[in-house]
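Below is one structure, written out as structure tokens; comments come after it.
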Amino acid sequence: MDGKRAEAFSDGVFAVAITLLALELKVPGGEGPLAHRLLEIWPAYLAYVVSFLSIGIMWLNHHTLFNHIVRVDRLLLVLNLLLLMFVAAVPFLTEVVGDELGEHMRGGDATTIMVAYGLLMIAMSICFSAIWWYAGHRRGMLDARLETETVRRSIPRFGLGFVAYVVTTLIGFVSPLAALILFGLTALYYAFEHLPAARELDADAGPGAG
Amino acid sequence: MDGKRAEAFSDGVFAVAITLLALELKVPGGEGPLAHRLLEIWPAYLAYVVSFLSIGIMWLNHHTLFNHIVRVDRLLLVLNLLLLMFVAAVPFLTEVVGDELGEHMRGGDATTIMVAYGLLMIAMSICFSAIWWYAGHRRGMLDARLETETVRRSIPRFGLGFVAYVVTTLIGFVSPLAALILFGLTALYYAFEHLPAARELDADAGPGAG
Amino acid sequence: MDGKRAEAFSDGVFAVAITLLALELKVPGGEGPLAHRLLEIWPAYLAYVVSFLSIGIMWLNHHTLFNHIVRVDRLLLVLNLLLLMFVAAVPFLTEVVGDELGEHMRGGDATTIMVAYGLLMIAMSICFSAIWWYAGHRRGMLDARLETETVRRSIPRFGLGFVAYVVTTLIGFVSPLAALILFGLTALYYAFEHLPAARELDADAGPGAG
Amino acid sequence: MDGKRAEAFSDGVFAVAITLLALELKVPGGEGPLAHRLLEIWPAYLAYVVSFLSIGIMWLNHHTLFNHIVRVDRLLLVLNLLLLMFVAAVPFLTEVVGDELGEHMRGGDATTIMVAYGLLMIAMSICFSAIWWYAGHRRGMLDARLETETVRRSIPRFGLGFVAYVVTTLIGFVSPLAALILFGLTALYYAFEHLPAARELDADAGPGAG
């Protein structure tokens, strides 16, 4: 069984989850002018942008990862399903992040939700690393052009992402808003600083390669 | 007409249904601290996980099954549509399972919903077996590498899944929580103990095959 | 530009629309036992089944149609978009059908919604025929193996489907329930009695063709 | 990394966003006859049609654009993600457009929402142009058959679309209804008056090319 259909199914879940994020946006009712009510929920827009980038870039890296996987087994598919289970839960927590951060701006406490959101990011990061680690340790799962050494060296870099998420989650105790922005920046960072193995293969292919 | 597009369409329905599961998660309002309200709905999370695994692994096996189907006819497509009709209904019942199980933990009765949920699982299992049985009995539908004998021997194994769902549904009368957990474990079991025919073909292909 | 990507996009819309149907199912609140409340909304389940079959079989025939289309132009894509616009609206009206038919069983009037539902079906049928007619009249759009005569002869058959929808809509004035069931049966009929051109090509390919 | 999977993922987001539009349609409750309540929300239907056409034709042009892109890099993927972020937000604003335009017909003010809607269209138009501009200025990203001159000449035409959206947004200050209809007409215009480069390649391929 090759990974192409698992990837197509995962792409579907990523695409649906990322689009459902906007379903959670709701203009508050009330008597004020619409412009005010539209702007009032800016924390919900911020949460939308951060979660959109997080899922989008998680998809990007998922896609890169599966490009290197030439064969899948059932355990890998179950690990992948676990990752998707957390991805699909992002819209649910994103809505609460928007609501609670709005409350926080009016004096409430948004620590709880930022910790919950951070734990969800950490859970995704663990699943992602587990897939990469597992694929790297089973014979014949990864593209033969990848050197075992390259794969092993890349594991700590995943650990770095894990540490970034943990630190950001802790920052949520001090400033939930700063934590949310940091989650967004972490996503952007991972858009460009991706799997070294992937970069090596890309470099091999050279500029202009289709 | 080959089965590739039917499979792509089915994948779409599976991916949307599995992602919609999270839409049913709703943090209860009220005055309590958010941490308490987030944890209070643990039965909804459990129902989410069990339904996610059930749909996910149903997808996995659906995918394996369609890998063996080289030609489809209209009746098979209608049977497949029937299966998808039940799959798409899983988020609807999952929400009620979460709600009612929450009530059950506070002394209510969750038997009705577990029976309804069990019947839905049984309906999916019947449709799935019907597709396999029908494909196995029409000339030219299954991959020629599959021996008729192998296919026929695999039918009772589907029956076993059917029996597991019926027994779990009956357990729902005694303990709805135990039944829900058992549905999750059954899904996990089917992640690894899948179509024997599929395993045979996989074995033929040998380790390392792309 | 070939039709493959238009088909993939359409498949996506069909798959999302068909799965969203279940989102409209809502167990009524209230004091009664859950079993009663679950069964009480049987008209909503019936509407779900009929709309699921209608969209599903519309997809089947859409897929068959696009199998014969080897080249698309912008007008055809806009016609296809129009068809999808009506398909995506089916969940919206299906929810109202379920509600109103439930009211009807308690003495209310469900004529309006059945007429609206019928008009939606008629609109889909018109768009579908328009795509087929347009593709058949532009040089190089249809598979060269299709004889012009075959295509032209198939147009009246589409007209038949149109008449069936109009008659069923009119029956909605007498019995909304009968009309809903007839819409379901019409869908099933079209699952098996499909494009004659398609059947001819299938016959050419012969049994066992991949 | 080629653009095929980025395109498939984008197609998924487009398909989900376009289908979610209908989820925002809600028949108002109340005592009046259903026919009246169904017709009363005609501004919501109009907003549905305009947004459906806008997303649908944005997809069409996105598809044409990616047909010319033979290689993608991370920055292009992030630009594409930004475009999708605005596309996914269309259903959210479309619902408000329908509501506010309904209020407007009863004497309220719909300027705010039409400006917000216009800004969203402008944001999509900017992202779209940015992708095209960036792809045209990086060596090896576009199909070699495209002349650099052709690409550069096409940039102003994108600027034209941008101007059309700005003007329409300004018209929203005078007549929100006229602005909404103009957004729909602009979408239809772009269905037929598309990328000149694309037309040139199509012309090269000649009539009847598969």
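To keep things simple, chains are lettered A, B, C and D as they appear, and every chain counts its residues starting from 1.
Going forward, a contact is a pair of C-beta atoms (placed from the backbone, for glycine too) under 8 Å apart; a residue touches a chain by one contact, two chains touch by 3 or more.
Small disclaimer: the values here were computed from a predicted structure and weren't measured.
Asker: With over half of the numbers shared counting as same, classify the chain A/chain D interface as same or different.
Answerer: different
Asker: Based on mean C-alpha positions, I'd like to know which chain lies farthest from chain C.
Answerer: Farthest chain from chain C, going by C-alpha centroids: A.
Asker: If you average the Cα atoms of chain B and of chain D to get two centres, how far apart are those centres in Å?
Answerer: The answer is 37 Å.
Asker: Rounded to the nearest whole Å, what is the centre-to-centre distance of chain B and chain C, using the mean of the C-alpha atoms as each centre?
Answerer: 26
Asker: Which positions in chain D touch two or more other chains at once?
Answerer: Where chain D meets two or more other chains at a single residue, that happens at 8, 12, 15-16, 20, 23.
Asker: Looking at the complex, which residues from chain D come into contact with chain C?
Answerer: 7-8, 11-12, 14-16, 18-23, 25, 27, 33-35, 38, 48-49, 52-53, 56-57, 59-60, 63-64, 67, 188, 191-192, 194, 202, 207-210
Asker: Chain D touches which residues of chain C in the complex?
Answerer: Touch residues, chain C against chain D: 1-2, 5, 8-9, 12-13, 15-17, 20, 23, 70-71, 74-75, 77-78, 81, 84-85, 88-89, 91-92, 96, 100, 112-113, 116, 139-140.
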